[in-house]
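Multiple structures follow.
In the two complexes below, subunit A is the common chain; its partner is subunit B in one and subunit C in the other.
Now for the complex of A and B:
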């Protein structure tokens, strides 16, 4: 079920909220069981088979976690084997459903094998669910989780606001909330939740989906073999960057709002990432819950183990005197591996893998630059405006260029787009503009474009508006900071003038303003579209 | 200064009330403006009389408009028909009125048959005029499958032998969906606003109650970009299509044109006592030359001969007319690239003929004098069809005045 669908908004959500409120009168157990049942309906709506696929996986993970709990202290080696088995089970589960087709096609490409699978049913949100289950097992093994029941574990995995596209949550940050929640619909929570949901619905339905109507045909044309000219190629890359930002952050706002209606705060996922002044900062602002997972469960353990090994051998590590070998072993290798896995997690295709590796390379360059800068100019002032502007520009261009690879259906399509962005496919202008510029365009080698001139201008205007919103306006978390819209988000001392000025309060003006956004979002449902992140 | 706060409970009530009120106002406004002519709201001059936003939704709009008009004559075909044939033309005999222009952009024969069924289901239909797009090869007939959105919207569907009409069970749900989305969607709201604000826009399309969206758009494009640009754009698109058709014909040299869909429409008309006029439309010499240059002239001739074979002279209820030959109308010279003032009389681009030419075509078909424009084809005179269709580019050039 999509959040931005009539069945969800007009039937599922009201019924679930009313049911939660009523069952809450019979106690917490009843209310939480109601939430689990509603989440199963939500999950099964699109394809009932999904529940049959995910339920055994939940039961097996629960059994492994119980066993881990029993043997962790007395038999640590067995616990390690159990943990490894659990992780392998989850990876195999994800691997079969998500990567079997890709792997057989890779084998086909590399070895010329003929065993090509034609169809595997992909359970909804399997990537998100798998990460949460693995994190749970690791936390149980590490002693960070010591008490849980099947009901709690099922609720942790299935809670519908975060079920199919995150944010990726940890058991230890969710269950205390469920155990403390009043299990009634409180007006304060509903006010904040509805506000977040309206922001999200507007971002998804109005901002993201509208730019998609301009961007999608450009990718389709490039996929069909067309070589986009300069402006079209940049429009494709920039437009998609804005589309996916407003799409996914809009979805996250809706998820945060829905959870809040039940008194639950989910962790934040986006914090104006396009304003980042370095690629490291970008990943601290973009899909934060994924970065947090990858850092905690892949990058840090790997980096720590390698650091210990080098220390044991008396070799240099990352620090004041970082050697090239230490940089390669302790920073470059873990970063590239982590980002390779990040790319693979996002999708079963070469372009996703390359996108992840490309960001890994960006991160390594960023880390290398920081080390080099400290060594070459130890006394240089940080945060000067030319440096910040250069950092922002470089980061923005890198992110936008990489997004073309992320969106392109094939690597060849992305190469054609990059060629266009580099000006290799020439430059065209809509004929209506071209005709009014006299001999100048022809002198510059620019050709007239006979098709879609008005659409192209609309697309650029829309892109400019979205860019201004993404870069200039406070984000949802800033606006609602005083009401903890996401777990741990508090008002910041250094918040800008606009963010302070536009602070959300339970006022009639905000209620009407958000009703306008919500109504616009509702009206946008007429043309159904799927969330981009549902496929991951 | 921050706005005064209110209790959270009241905030929720104000929010919900405002949300419902906004949606109610939007629905009321959309229903009153009725940008797609779905609700049948009265057309008020200066407010919503001209349906300037209906052209992109013409499949839906015309399906509901035809139910209100209940035509005696229906015009079927692609945008050629929509633009070039005037349902209000004085050429129509009284006995054939009212006429409804059911021409739709890109209408294929499956859709034409669906439109014919819809018009027939309104109860007064006696005549149908079907303008065909030339089949030059590679046009796969629409595969049989579940009804598409247009077919779900129809009052009837076929049953029994394929010509009998029975009530369409999918209609009610599709109708409700159309009403809902025409009242409560962002696109409908945008188009309602456009409709109200654009009543005086001379360059806007206007879906008339009789179905036609008219020539305004083409006139505005011609004034803004010039005919040279319009011809260049269409030439490029036609070149792509013809190249694909030529490849297909080269790969299937012996494949006969598939005329099954036309035959089914003829059978439907015969079964329901309808008089059918099939028209092979006029095309500008640009396109005739392109057809010949791609080696498709023979294929074009075979298609026309195949059509003629479906229409015996003895059958007074079915006529086939061919207007695709060379002649003075189709060789009208194109203005130079920088000329945005000269208006062509007979064509907007190589494919779309003007209403002025459409008028001549109608007069000819409806019994006007023979002036060399158009010829009736039958199974008995398809040799003539072969000769005319096989014309070479030089022939066309020679025919220019």
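Now for the complex of A and C:
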């Protein structure tokens, strides 16, 4: 069931919380088993068949992990084979459901083969679940997890706040919390949790869903072959960037809040990413738990192995005297491969893969620039305001342009949108404005647009408001910094001028404010829209 | 100052030097509490290079599992301290 649905908010959540509180009286075991049972109901709600798919996968992973634990020390070679087998099993599991269709269509495009598969129903959240399972096996193999039970493992995989769309969690950061949780509802946890949830519901139900109503028709038109003019193309790209930010960060706030109601803190996922002043920084602020996963399990091992190998052979590595060969082997290759896999993970489609690779190229340019700057101007002062402003602008434009590719149903649609953003399809202005500007627009080659001027103005007004919130206001982690809203968030996060003035406290003013946000979000439930990231 | 503290200071100084050289910033001074996000420019690429340069400098090899989970510089210093051959490095006088 969706977090933003009546059945979840009015039935499932209250029942689960009350049950958790009551079973907690019989001890931790009962409360944790209750959470597992509730999570299974949550997962089975869409399609009971889903449980029949995920349950065997949990049991198989558990068995492999048990075996790994036993053979890791005495028989390292066998352990490596087991680990590889476990990873392949999980990738194959994900691959069948998520990529079988894509691969047959690639085969069709490249070799002209007939499409055999027609439809495979994707079990919900399978991409997120698969990543966590792989990380678990790697951690057991690496000796970072030495004790676990089937109950703990099942809870780690199934805990419903993070089950379908993250944040992607590590066993070693979750289990100590479950083992130390008081297993009853506490006032502070409920207050902080409910506040986070209200913020999230408002972001999703009001901000993201409203901007989506302006953005979706633009993509539909471009997909149908239309060539959007300058302003429309920018509205599509900018609007969708804001939509996905408020959608996914709203979802994450809800997940953090739900977990917190049970006394559990999930890791952070978003930290005002649109304010980043470089692409490297963007990825440290956007979908942080995914970046963390990709860095730890793909980029670092690959990059470390390659760097050690080059050093052992006496070849140059990346540093003051980077050679082109070192740049290609140690930076370009691991970065592009990691981001390619990131794109593929997001979705089985050419546009996702290209989006990932495009961000990989951005990252390489960013790293290349840092190396070049260190070499050419070693004494230059860092963080000057013109440099920061230029970095912000460039990063923002790159992210927004790439988002059009992420949203477009096909690569061709994205190309038409980019053409429009570059001004290749001309410029139009709503007629109502056009008429008041005298001969100026005509002199600039701008044409009047007779369709939907009011709606276009409304869309730009929403875009401006959302942009101001995303760039100017403290985020939820800043506002609740004193209460560790996400794992590891320190009180200093709320130290900004505005954040200090707006700090969340259990006060009447905040209660009213959050009630308004929550109620607005709740009233928007009627139009029920899914979270963008639930498809992954 | 205890032996342990002394060798900690010395390891920290070496690590600071490695990072200064990598990032071209002589103002960097690492402490046991420094985290990666505290140092501008200490990104994933610089981190991998830092780890490999540290391995070279101390003649050690970190486990991959550790590389990913060092929470702060202090954890790196302790890992190096635990791996260095006893009495093999300058400043690490045998315990009295």
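Here is the rule we go by: the second predicted complex is superposed on the first by the 533 of 536 C-alpha atoms of A that agree within 3 Å, B and C clash if a C-alpha of one lies under 4 Å from a C-alpha of the other, contacts with A are read in each partner's own complex, and residues count from 1 in each chain.
In this text, contacts are C-beta pairs under 8 Å (C-beta built on N, C-alpha and C of every residue); 3 or more make two chains touch, one makes a residue touch a chain.
Treat the numbers as computed from the prediction; the structure is a model and nothing was measured.
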Contacts of A:280 with subunit B and subunit C, given as first, second, both or neither: second
Partner chain(s) touched by A:358 [first = subunit B, second = subunit C, both, neither]: neither
First, second, both or neither for A:194, with subunit B first and subunit C second: first
Subunit B versus subunit C as contact partner of A:41, first or second or both or neither: neither
Those residues of subunit A which subunit B touches in one complex and subunit C touches in the other: none
Complex contacts: residues of subunit B adjacent to subunit A: 2-9, 11-12, 14-19, 21-23, 26, 181, 184-189, 224-225, 229, 232-233, 236
Touching residues (chain side subunit C, partner subunit A) in the complex: 21-25, 37, 40-41, 43-45, 47-49, 51-53, 55-56, 63-65, 67-69
Subunit A residues within the subunit B interface of the complex: 186-188, 190-191, 194-195, 205-206, 431-432, 435, 450-451, 503, 505-512, 514-516, 518-520, 522-527
Interfacial residue positions of subunit A with respect to subunit C in the complex: 139, 142-144, 280, 284, 295-296, 299-301, 303-304, 307-308, 311, 317-320, 331, 335, 367, 370, 374-375, 378, 382-383
